[in-house]
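Encoded as structure tokens, here's the structure I'll be asking about.
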Amino acid sequence: MIFDFIDGGAEDEVTLRANADAFRRLALRPRRLVDVSRTHQATTILGAPVSTPVLLSPTGLARLTARGGEVAVARAAGRKGTLFTLSTMASSTIEDVRAATDGPLWFQLYMWRDQELVDRLVDRVQTAGYDGLMVAVDVPVVGKRERDLRSGFTLPPRLRARTALDLLRHPRWMREVLAGRPVTFENIADAAPGQVVAVAQYVNQELSNPGATWEDLGRVRSRWSGPLVLKGVMTAEDTERAIDAGMQGIVVSNHGGRQLDGELGALEALPEVLEAARGRVEVYLEGGVRRGSDVVKALALGARACFVGRPYLYGLANGGSAGVEAVIATLMDEIDSTLALVGRPSIDGLDRSVLCPAHPPLLA
Amino acid sequence: MIFDFIDGGAEDEVTLRANADAFRRLALRPRRLVDVSRTHQATTILGAPVSTPVLLSPTGLARLTARGGEVAVARAAGRKGTLFTLSTMASSTIEDVRAATDGPLWFQLYMWRDQELVDRLVDRVQTAGYDGLMVAVDVPVVGKRERDLRSGFTLPPRLRARTALDLLRHPRWMREVLAGRPVTFENIADAAPGQVVAVAQYVNQELSNPGATWEDLGRVRSRWSGPLVLKGVMTAEDTERAIDAGMQGIVVSNHGGRQLDGELGALEALPEVLEAARGRVEVYLEGGVRRGSDVVKALALGARACFVGRPYLYGLANGGSAGVEAVIATLMDEIDSTLALVGRPSIDGLDRSVLCPAHPPLLA
Amino acid sequence: MIFDFIDGGAEDEVTLRANADAFRRLALRPRRLVDVSRTHQATTILGAPVSTPVLLSPTGLARLTARGGEVAVARAAGRKGTLFTLSTMASSTIEDVRAATDGPLWFQLYMWRDQELVDRLVDRVQTAGYDGLMVAVDVPVVGKRERDLRSGFTLPPRLRARTALDLLRHPRWMREVLAGRPVTFENIADAAPGQVVAVAQYVNQELSNPGATWEDLGRVRSRWSGPLVLKGVMTAEDTERAIDAGMQGIVVSNHGGRQLDGELGALEALPEVLEAARGRVEVYLEGGVRRGSDVVKALALGARACFVGRPYLYGLANGGSAGVEAVIATLMDEIDSTLALVGRPSIDGLDRSVLCPAHPPLLA
Amino acid sequence: MIFDFIDGGAEDEVTLRANADAFRRLALRPRRLVDVSRTHQATTILGAPVSTPVLLSPTGLARLTARGGEVAVARAAGRKGTLFTLSTMASSTIEDVRAATDGPLWFQLYMWRDQELVDRLVDRVQTAGYDGLMVAVDVPVVGKRERDLRSGFTLPPRLRARTALDLLRHPRWMREVLAGRPVTFENIADAAPGQVVAVAQYVNQELSNPGATWEDLGRVRSRWSGPLVLKGVMTAEDTERAIDAGMQGIVVSNHGGRQLDGELGALEALPEVLEAARGRVEVYLEGGVRRGSDVVKALALGARACFVGRPYLYGLANGGSAGVEAVIATLMDEIDSTLALVGRPSIDGLDRSVLCPAHPPLLA
């Protein structure tokens, strides 16, 4: 059930697959005999230095995956020198997560119906000293995630243990989830469900604001003094509006294929957004990144960095904070190796000359 | 056997698959931060208001699927506020179905060899007060549905029960079919087979008029005073002729992939028909619609509405009239959700800007 | 072993699959309300009337498949009113086959190394009163049919019966093959192998003439006074030369995917040949025809008729001469049905307006 | 484990598959009635005559595959009259391999970090009388071959025999590997690992020179007086530089898909390299060649010859030196057969007129 909650996408999961498959449509053009004895993947995100262009996406309810949850993830991100983004739907508090790392930290905000709740979140984030605010605008309503419908995923998670033995057979972390502090939306406690509910239904009924508009974004822009990034942009038109609205960054994302099945793979929307942005804001890619070479491809197209979600959650499930570090380290190694093998020692040297379509015509 | 009769298509089922697969070739371009707190999918079909652009196709012999048959379907359509089209090949009478709903109701007519029979049907439909007549022109002969040939599908359905026990093992509805009023073509009783026959063979030999032409359509046009819609148009040329012949609407359809294997998927023929129609008639799509997002795509291309057949029959088989309602409700929910997620609160706002090819080039 | 001999193709069977798959790349554009009460598929082949554009290809050693072999096939073709082509590699004599049918009959000639043998064959065919000669030029050497290499296919077929019981377990026809008159190349008896040999090896070593050129074809042209058709043409260049060499017809063919793996599917080469031929000769298609709609597609592109091989051999294996008739009848029925459903009552009305690419762009 | 070491590629093996699949994207256009009684595939490689355009790639540690290793391969190449290239990573000495054949022999050089080691290798190769030097430039770091990571492939290979019985169950050659002379990098003995190590790790840490540049290649060019060939070029830019650097030949190669997953299939990069080379150097193809027709396709595009690696290693594993000969003979037979069937008796007559895209449009 938890696996399906993390792994699944909306409806037929066409977009979920498109996210990863899109990278296969690009091939890498390697240059040889370039000095790649030192590769360089450190960069800055809106001015803040990070050791790698692999950034960590906001994901909900990480404590379902492993004890520690978002705190463990933030600690791993800090140790590896990269950015973590705490979700509005997190199961750890804004303050606990900030305490877990000195590294760059963003908060992902939903513009809920309850504007006071939103204002309070912004203020807490500001007070806690987060480095940036990412406003996600791709959930006016929650997408139809049929795996959750089938598994009966609820909050708090309801185990179907019919006997004590059954319970013992559940994995340790699951027993901890049950035994310990309940997994809830820690930062929207006022709004958190008092009883067992289906998550999508709860969010749609109690939280979502399908009426949110660019004007509402203006309110956030006024209240928040730091860097502001818009997540979920997939078109040139919205890129233009985001820039007009004073955003410093844009995350090209279809919410990991979890919202509207039938959207392009995120990488497929990246060229359109980049062309519209004309370098005026930083553009990040989220969706389908599974290899260091995927990151290199996105950067070569023009992305500033890539966000990953499921990969670090699997690391978290497997090894807690150390597991997250291992996932980041693997991606960093693969980026180094790819940079060496394409003959571009630094990510600064990546441009479209390193790319070509995966199946060019053989006969001109 | 019944499942194959409903689910199957002609020959190698290439067209059957193309109907559904074609929707995957289009991607949706979402706009964000649009007020979608109220979505709107009500529309009109030739002036008659419907609550949704999901209309119900004519399908033969619905009583094979569940007790109640077409009456149950019509009742569900009426409750959900949408249009049902009764087939010439229905297993319920024109009058019973009309009595079942106050909602918009069309009758689908085949132009049989026996012109008196056709005239009588038109008159009965007119007398009963149907709102429209849909003339299906894609069955000059019955297509080669090999699943039926293999299953030995006949009319009345012949159960292969060798013992009483076998019979008990058949599903309840099947025993009802056997025990109750025989399932026949209720509205063409004079012509209905007196003995066990293969349906395709019976229709080809006794009913079909492969000689029917545009002149014959003119006779129907003269006799019927209400809205007239032509079903089965797949080309620009026939669109032009249909408009010349005084049709008010066109259903782009390959008969659910059941007639000529090798035709385009219906969605693939839609752009050609729309371009030829130049807005002079309403154009509907039938074939392969399985999701609300499929409806949104067809409407964005320019269709007025979509007909669905198999989906409601499966609803009927599962839950009778309530099952049909549930299928309509699910599609309506998905349309609402898709409208919200693409940022077009009303179907009136759908145009080609919401679409792009599913796999755009990544390098310009 | 026999099944693989018939069913298999060269090397990786890429071309074998391309033959059938190519038809899927074309879709049919149906016209409605055309009078199709009488469909018409009779045509002429170089002036000789046939009841259908489905012609029977030459195939080797039909007696391996069923008692009667080529005689049974010729009889079926005659009864259904279509053309049979006897292979040089036949297991029945030229004279026996001629006696079996009054219908149109061609002989397929290989230009062997032994020119006297070739001359004698031409003379026997002329004396027997065959209606046409088809010279196959796509076997300068025998292709690499790996299924035969694996199965150890030899001539005469060697059964691997280790015990009498094993032998009894073999299918009846196989026991007949063993018990009765040995299956050999009846018309090239002088050259036929005196002992057990692998067929490909035997043909390459004893028969093939990789040195045969257009000059050698000129010798055949001089000796044979009737219609002459060249089989195996796949390019515009060879089409031009074939016409210069006095051919009346061309069979576009890759030998059923059995010779050079990597050639185009036959249908894929048809447009090039037709364009080069400019109507000066009749052009036939061989390869991958499995449905009546395949025949309609080839004719709509411009082919005069289609040859089928494997389909009638499977009919022969299943039901002898009657099985062959059933296969021809099925294809004829499908052609009639397709003509009705595309709204072209006669094959004379087929042109490219009935075709479009299988997956046209959805957004112009 | 050994099988995976040979058969595997980097990461997701996308490039590994692209190497072989690319050949399917080209079709062969056969010409008929050409005298192909004598086919001719002998050619010269930088002036040295070879009997076939099938050349043998350098591969590491052949003694893991079968006793004899590189010596057995070189002997087979010599007997069949073709070129063998000894790898820097070979498990046989430069001198032993030279003694095994009078045929053309190249040495493949890595430009290691230890320049003295490189110089010594060049000198030994020159002294031993090798005919050419091939510098591989596609391993600045070793690619991520996940099959090796999973199998725990080390050097020397560590058998996981827990009991003597286990050991007996290992294949004979494996026991020989363990019992006999240890398999090591015979020609870089000074550098060879003294203990059990993962090969990739060892090479990266001890040998590789990611800092190697075109200047370093200049040093090799100066030291080596014979023909010099650059291996691993995949772009027009590097082709130009290679020619400027005084190379006589270029091997288009992605290291058999073992280095950077995401590179084009080698055949897909060939047109770009050939166009840039404009005939100034010989261009060879390495990667995915499995059939004689693959060689014919590469030559028709403009390659001088093809290198094969895995095919001969499988021959070696199956039958030692004779197995290698059999593989070469099979490919040569297939080339002869393909030449006959396309109607080009000599490889000198191969040009792009023998090729077309595998799926040309059917409707112009």
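In this document, chain identifiers A, B, C and D correspond to the written order of the chains, with residue numbering beginning at 1 in each.
We adopt the following convention: contacts are C-beta pairs under 8 Å (C-beta built on N, C-alpha and C of every residue); 3 or more make two chains touch, one makes a residue touch a chain.
What you see is a predicted model, and the numbers here were worked out from it, not measured in a lab.
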| item | value |
| --- | --- |
| Classification of the chain C:chain D interface as same or different, half of numbers criterion | different |
| Chain C and chain D: spacing of chain centres that average the CA atoms, whole Å | 43 |
| Cα-centroid distance, chain B relative to chain D, in whole angstrom | 60 |
| Numbers and ranges of chain D residues touching at least 2 other chains | 26, 356 |
| Every chain pair in contact, whichever chains are involved | A-B, A-D, B-C, C-D |
| Chain B residues within the chain C interface of the complex | 11-12, 14, 18, 22, 25-26, 137-138, 140-141, 143-144, 209-214, 216-217, 230, 232-235, 237-238, 241, 254, 259-264, 267-268, 271-272, 301, 352, 355-357 |
| Of all residues in chain D, those that touch chain C in their complex | 24, 26-37, 291, 293, 297, 334, 337-338, 340-343, 356, 358-364 |
